[in-house]
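Labels run A, B, C, D and E following the written order; every chain starts at residue 1.
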């Protein structure tokens, strides 16, 4: 398998704060990877750094061998990255339909098929299709945010805590869907819900204090209670 | 049944044609921890909004401590002893974590409109604020601006603020969404303590472990309508609840299969 | 006083020296410089009052000049119609106090009707206050018998104020007193609540603060301070016209606070000094080079430069230095949480 | 009776003029949320460029075109180098655009002098019909027509393309729009410049109407444009059109029935509308 | 008026007017006129009795506070002997008390508000320019001269300017036998005058006296509504050239003017027109003539005072003093220091090669006939 995303010695900062100190990771095509770590460890900041929403100080990020450092966000996205931010990033003043439309790169048959698939997955959105996004419930916002990242054909999906705020049934459905999607599209998942992470991912990385400290196969992590305890506090 | 703190009578609201909450009757008991469960978009947050006064119902009434508060402003209800947190993080971004909590404390202490005394003079207020920050694991970050906190940390701050408010009844809307799993037990502890100090808690939560560990009673809402209520064990086995909300617990299977 | 605690030793020394310098200034400078400084002091209070609204409440008031201009009118009309005596000045202060608080109350009741945040409501508030300010200006313009409209009302002042050097000291004392008062207000519990309202009004309400009342108080305090500075401005100029009630006059306050740094209170003082000195210097440069006959080009450029290169104003520059120190401590804290 | 017909027609024409004046601002303030104090300057630049080109070529159309092009270019310049740095920060927007306004208004004086320049109407639009006491001025009818064309055109542009929604989304969450692969900066620049061009067009059409252009005409007309947009409802282009017509007709009515109130009628209406319906008269009706 | 300064060094004149801002144009014209006036009055030497004249110009930016501050610099730092200006009445209002405080003469030109030589008068104020009341009386005189019991309507902007032009007109007209039947005050920024014009049309007066300054003007609409067909004659004061350019529709109208370069017939004006043409390649305008008048007045006064700059003496000399100007001889009325001056009845005519209607002289109205009422407050120290 060839490496899709490769990050070396990444250091990034917001204003006067250095948040990521030393992040290293490599993700191959077709993998589903979970990024784990405690609150404030720097997971979100890492995803934002990939999207160049947070500035890189040093180190390298490569997608398919092309450096992403300093590339404008919209160009990074167009390289085939779908991004679900932690705070949903829903456009309140637009309808659900418009939110999705804005996200679509083209409106060809394939995209529309994906749209159908999404609306099937989240029937809530279908019902509220013409409504302003600001009226959505917390969970519905999450659904919309995920949907927006799914309408395009991406190489890789960056998803920040998708299970947050979703009801168990929906999490289940989502996990299935992500699993399915990860057959064709690489998925990088930040999760606090360990079960969800395990259900979707094959590999994991753990970030602590702005550094990647552990990585490996997620099945091993499931077994390794000690490691879980050390970095995740899962009992 | 113990003393009823909050009661809704046929409460409902519709947005256009859509009935987000539909003739819901609930009784929330003093001293108990009640959890409201339901699928996404069921109307849980909307119910909170109706109870706390953020929205005015299109039908029905809300009673708080026996008084009809249906048309009272949120402010009046808060003054009567209601406190709530928000599902979408809602803190004062450009103020420090400390100031966020201190303000809640100030409100609780009812300092009133003092316009020419220094806020720093209220020493015990500051002390209590520190205590609360310690409880919600934010002691080290008290001088951080709220906007500089990570999402999980902001959730903790939000919790700290309502704790400082020390209301008689506390409405918590998914307080732990996005919090690290390691900290869930701490949160459970915090909530137990709050409850033990005599505060009634109403919780909206999707984390079933936590719900089961904490709740005295579950209320299930689906499609804006009351479905059922009861103790956690019974209700979580109710087939209808399983179907509408909990699903089949397939997640774990999936994970095992890889 | 808590002042002691807030200021580092260096700061105290600096302020002491500054005060000493200001005290001897009239004796070593020309009368026009003295007058320029009197104007700076008075405008500083006007700008500070604006900063309370803009910087601490997050409220853009485009009608703020109505307090300022009215203060000047009140004193002018009293002097002109009843007599230019000191008791009339005191009466003007009292009337301004009452007028400003009533006007602020009415303005607040209208503007604060609609709650909630977002750019749209900021603009709505700005436009409502603009309308109210314009209505007051038009009223003054129409009430020509008394106000003389745009041509302006010139009046005589009590002899006690007519010595410019003495007036300079009055203005300085006025500035110091008002700064302390406003500072105290900002640091009061009420002041803190205003800041929380700026950040998130709905949340403040759900913490149990009657936000509308707090905003009204904030607006009244700002209105009164602005009205007082208007009274002093009137006495300084011995002239008032409807120009003092225009949107431009409000925008001057906005400029001064932004130059100095919004939400810092003292920034307004620096801003007033900077803006007034720049304007006066640009006019002085006329004789240096004809390009300064088009001084407005440079004045306009100042607005642009400030916003682009000093978005947080002079105080922002100052704080960014102290912030670097704080950042270190915070960086440390980030690590610590992570370690736990 | 003939008086009322005259007043109604004049009111409508006045509405059309207001609409032209406000259309650019409606986009910039309503859609992008930018409090743009360069509007008045763009407006007078439009007028001066029109007079200048009309003087050179004698062509009405070339004059308008020149005004639009120059204003568009100024819009690009303003947005790219200045306004783009202050999105979401209303006070900074006010100041930076105010600074540009001061500079560019002064430049007008440097280039064309402070003296008002007079300009006639093109021959084919001069004159009026006098139908038994009802006076209908050709140029005003022309304004109504242009106003309609622009209203419909821009409305279609905003609603049949993604531009409108992308800009609205970008105002709220520029980072997220970028993360969806859209170069929001370009959209902002183009939309701002589009609004600027409309301001320039308004200036160019205004000059022949009042017969002159002066460097001080900007501020008042700018405030007027703000009033129209706010009364009509921010964010709704059609709302601005409605607001213009209402203000135009009200202007005629007030001038006839209560001329003493004419100076405060506009701001007064705005204050009342904002106090009772902060979203503007058409704020909700259009955006469902 | 500083004593030390009296005998040695140059005579310092502080010129303070609008060199930027709304009235920049007026200020610049006045500045040119003033400098040319000095040249004329000193025969090109720029000296009086061997003492050179130095003029220091300051810009009021057409803002009263700035005017005051700049005036203060002139008075205090530059120790000027006399101040001249400004263009805006508000700027002048802000400077009045300084003249008194520094005991220095302020020669007002061309600010026109009546109150400057009326209610707000103090002994240091002189005005070479005409005030609103003189305009008003000229207009009333012209109208009643043609039609002794004329019914008149006024159309003026709803501003200090408009009101201050109409109020004295009403008094003057009534006094001269006419009747002011309707006053219309559209907002200064009006672009649609139809309501106001229609109301005037309904009232059917003999004359409509239109007072308008500003870019948006009612001329076109007045013509469109065919007032002439309703027997209403439009009249106004012919303004500066830039504003005349907008008055094409009014060709044929009779009115008054303060100055137009081809109207007065005297040698001062001939000199001014030639010299101005030479220097600036265009004819002088209204405020150029005013500027020149004020320069001549100042030089005349100093010369008559034997070169002394003593303020009190100058005031004495100037009271009742006659001086030349491009519009003929003027004198300062001793009661209120207002220059009494002739104005002109003119007719607007089309002239080949000129891009605006040209005011043609019909009659000179004697200054005495249109002398404004004296409104100096009773107790004011003289």
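Note that in this section a residue touches a chain if its C-beta (ideal position, glycine included) is under 8 Å from a C-beta of that chain, and two chains touch if they have at least 3 such contacts.
This structure is a prediction, so every number in the text was calculated from the model and none was measured.
Enquirer: Steps needed, at minimum, to get from chain C to chain E via touching chains?
Expert: Tracing touching chains, the least step count from chain C to chain E comes to 1.
Enquirer: Report back the single chain whose CA centre is most distant from the CA centre of chain B.
Expert: It is E whose centre lies farthest from that of chain B.
Enquirer: If you average the CA atoms of chain B and of chain E, how many Å lie between those two points?
Expert: So the centre of chain B lies 75 Å away from the centre of chain E.
Enquirer: Once you find the CA centre of chain A and the CA centre of chain C, what distance in Å lies between them?
Expert: Inter-chain centre distance comes to 48 Å.
Enquirer: For chain A and chain D, let me know how many angstrom lie between their CA-based centres, rounded off.
Expert: Centre separation, chain A to chain D: 44 Å.
Enquirer: For chain A versus chain B, what separation do you get between their C-alpha means, in angstrom?
Expert: Using C-alpha averages as centres, the distance is 28 Å.
Enquirer: Please set out, as single numbers or ranges, the residues of chain E touching at least two other chains.
Expert: As it turns out, chain E has residues touching two or more other chains at 20.
Enquirer: Could you list the positions in chain D whose residues touch two or more of the other chains?
Expert: 106, 109, 235, 263
Enquirer: Any chance you could list the residues of chain A touching two or more other chains?
Expert: In chain A, 17, 38, 40-41 touch at least two other chains.
Enquirer: Would you pull the chain D residues touching chain E in the complex into a rising list?
Expert: Residue positions touching the partner: 3, 6-7, 10-11, 13-14, 17, 106, 109, 113-118, 120, 128, 130, 135, 137, 206, 209-214, 216-217, 220-221, 224, 251-252, 255-256, 259-260, 262-263.
Enquirer: Considering the complex alone, what residue numbers of chain B touch chain C?
Expert: Against chain C, chain B makes touches at 52, 74-75, 78-79, 83-84, 86, 90-95, 99, 102-104, 106-108, 111-122, 137, 140-141, 143-144, 148, 161, 165.
Enquirer: Can you check the complex and tell me which residues of chain A touch chain D?
Expert: 51, 53, 72-74, 77-78, 83, 85, 89, 91-94, 98-99, 101-103, 105, 148, 152
Enquirer: In their shared complex, at which residues does chain C touch chain E?
Expert: Where chain C meets chain E, its residues are 30-32, 35-36, 39, 141, 144, 148-154, 156, 162, 237-239, 241, 243, 279-280, 283-284, 286-287, 293-296.
Enquirer: List the residues on chain E that touch chain C in their complex, please.
Expert: For chain E paired with chain C, touching residues are 19-20, 56-59, 61, 63-66, 68-70, 72-73, 76-77, 89-90, 93-94, 96-97, 101, 113, 115, 120, 159-161, 163-164.
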